[in-house]
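Letters are used for the chains, namely A, B, C, D, E, F, G and H, taken in the order the chains are written, and counting of residues starts over at 1 for each.
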């Protein structure tokens, strides 16, 4: 199979989970292209006003940034084969849940990645998922199986 | 116009915001049918095992419930003209954000309803919304305008 | 809520499961319209040649019938809010699994209804379902919860 | 025509039908990429728990595996030009019929491949197919005609 | 079942086939609403210029009429459950074949209705149909079976 | 035919064209439901801030109003059978052209209504239309023909 | 622009119109990939039975061929940017009109190519087209303009 | 990320805004393919009659051109990741607003580019946009951020 699988990595931007998935994918030599939102926190907050001009009101400052970021995220998510939706231990990460709902409606299968303590609060998001992982390495294992049928060692 | 507008009320189940919208809609005599998830908290948690049989593992207990609830929510949300996505002051309410993403992907316009303290965390969800309200009465005013062109008094 | 829910009952035609669901729905006074394929076995086999003319070859005899039946099943399934996919103890019932795949692709949630002995063989069909029931009465309970939030007594 | 045709091979995993199609495609030099589910039976049963963690209950053991496999099958089937749906002489193969229904709903044409003894039981699945083959070599001939207009020798 | 089935009758406007179907539907008491293009030949030719103003060039005279008629046919066909595509003994009736292709692409099942002499020329149109009838009464029988399971007497 | 046709009237809000169409439809007794944006100019400008709170910046004042109005227009236009897109002699009316593009992409046929002086500038919008009218009475004639086959007298 | 345009050439198989378009495209150096049904008449009639086995009844002989050909035509047409629909002077060519309807419903723009004598009979098919050509060279000119903005010399 | 982003540049053809975006994209080394309508004004007016034959009536002269141009614009816009909708200081540019509506309905995010004087008249078109730019260089900055996360210097 010559297919390169595009996998969208949505959610938490404060830990190294994307790097761990990237490292695992590379080590395993999987034909995967990882895509993601811009993960530089300050830039993703301020990009809108930096590009389209300043706003006095923080609400519209945020709006401009959110809509600029959405041009990236919507396009990349819509074009992905699979998605990973990550919820970290802190922060609300409502945008991750938004992406999960968006993916579900578009028929894009996703894996959630979160600690067990969020299980109850995330039961609807997990209920529409095709897998629930605790560690990024499990996502790599899932990709290795999905793409090549490799079982975890 | 003879149309009855179906409006899905997603999110927080701990305050009386749905009742306030319902009262306002009734008082204004708006041709609106309000639909919503099951808002009885314990039942929405336990419905799955009550119907399909018990589970020892809480994770699957929750899964059964989430997927049973999803048959209601997915069907009602998909068939709605508009949605209201409510985030209260407490709780994660990831399912509300999930519904917002689902609605966005299906082209169903929605209004978010939340206190200003969540503005920054909800900027992506607000960014895809057609309106951001603070109080349920504003949702009623929005519906009155959308449907009949009534301006707030 | 004034909505009448349309529920498609797919699969086995040799036991009284549809009647049991119908009786339960009626007893509970649920706003449900049950739809189904033609369940008179001989007629569903012979309808094609009876309407469009005889065939010497059994293969085309069956084809004419299958395609005539498909005009009913495709239209009713596509227009349903929910589906129930029933696998009995005997027979292959590949058409039930076909309907499940069709429903899944169209985003119509479904409940499977089958004895536990089929669990392993049906794991993919169950995996895309929103519930797995053993008895028709559980389907009625699920509908009562989905539509009115009624918990089983 | 520079197009490479992607063909999904769904169903039975106990005989060498996929290998025979692959050999035929290669021998004929057809621009075809064959894709398929993971066909290692034990792995496809156990992959879910191997990746996402063990389950005591066999039902959920199967569920985890089915949903992990579904990320592969759904993505590959949805991205295919054509599908072949194979029913062998043994086993229920409900997942093959599920795939047929899924393909039909998505407008992906498919060929069924099964012995004549299943003709009556498969009449609905055949009725939505664009061809019914008995031997894998006929599938190769069909592909050669579809892609290059080659008639069987 | 309370459903009223909408059936689009496309094609030939020179014989009484629509009236025969209407009479049969009425006699059988079927819950069917028959819809059709405007069948008054001269009016369907001249409506465009009559409404939107005259054209010297017959080509644009026809264009205006065709596009005005298309507002009726496209809307009614798109909203139908089933279609009947009629080819008479004379005339090209390319618009009937156009409607068949349109219905096929939209997933609306259809029955063709034509004499056997056209079988070879219509093989592609018949190949995408769910039934091929010779007489309008067979269409009525098909509807009676599809809707109520009635077998022809 | 029992169908009531829903017709969206988009565009210019400064002349009485909607009233003339409404009068014509009523006089002819056509089964038509006319829907439209809110046509009270000041209200459509100010509704957003009236409902969701004031803005110092006129740009966001307008944004709030535009997005509130869009909940009406998008829902009504998407649910219409046909649309009329009106361009008056003054004003840019870019929202009318926006609605035309939206309708075209959704497969909703539309008639444009404008004076001949705009023909060249509107050639792309007219090119995707199913009719070009000069006077509201022609729209009524078109509807009478589309729905009942009535020719203009 | 690096895009290669895929253009489906549907219809008449008895004259050299496809060759003339191919020659013109090559001469102009246009980045166009032409695709088409199998145009070897006997093979397109007999392919079905040659691959899937003989039929005594000519009707089913034709059916098998039509459905095998449809796997090619449906896939190629659905994946095309544009289509050309050709009607020659003889034959019914209902399949060409079927393809036009299919393209229209899928939003694929097409050019018709036919002599003026068919103008009236093809007015509906032309009415949904984006251009009406008389000679294959006009199709090449249209492609040169569409892709590179070249005006005819 | 290996993705090349396709960006459609719609609207005004009288200033050098497309060239400025192209220069900026090239200077920044962005993986962007810019696509656009034919911007040679006279040719875009006359292409239809040049290819398909002359028309006496200017209205149909324009129609032929508009529909030929639409084969380019519809195909390119539909296949784009993002769009830029430009309104200059003069001209009505209804086709730009039409493209915006088309993009919105297809879920393609767009940036509008226009002077502040048009803000009020464009509020609906801006309201469905993901960004409002004043200068072409801001569009380049937006693309640099969307694709690579580059902040403006």
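Following the convention adopted for this analysis, contacts are C-beta pairs under 8 Å (C-beta built on N, C-alpha and C of every residue); 3 or more make two chains touch, one makes a residue touch a chain.
Owing to the predicted nature of the structure, the values given are computational and were not obtained by experimental measurement.
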item	value
Interface copy of C-E among B-D, A-H or F-H, judged by whether over half of the contact pairs recur	A-H
Pair sharing more residue contacts (C-beta pairs) when B-D is set against F-H	F-H
Centroid distance [mean C-alpha coordinates] between chain B and chain A, Å	24
Distance from chain H to chain E - Cα centre to Cα centre, in angstrom	41
Distance between chain centroids, defined by C-alpha means - chain A, chain G (Å)	43
Distance between the centres, which are taken as Cα means, of chain C and chain B, whole angstrom	30
Shared-contact residues (touching 2 or more other chains) in chain E	67, 70, 107
Contact footprint of chain C on chain E as seen in their complex	1-3, 5, 81-82, 107, 109, 111, 130-134, 138, 141-142, 145-147, 149, 151-152
Contact footprint of chain C on chain G as seen in their complex	55-57, 60
Complex contact set, residues of chain H against chain F	58-59, 62-63, 65-67, 69-70, 73, 87, 91-106, 118-128
Chain H residues touching chain G - in the complex, by the definition given at the top	33, 35, 38, 40, 43, 46-48, 50-53, 64, 67-68, 70-72, 74-76, 78-79
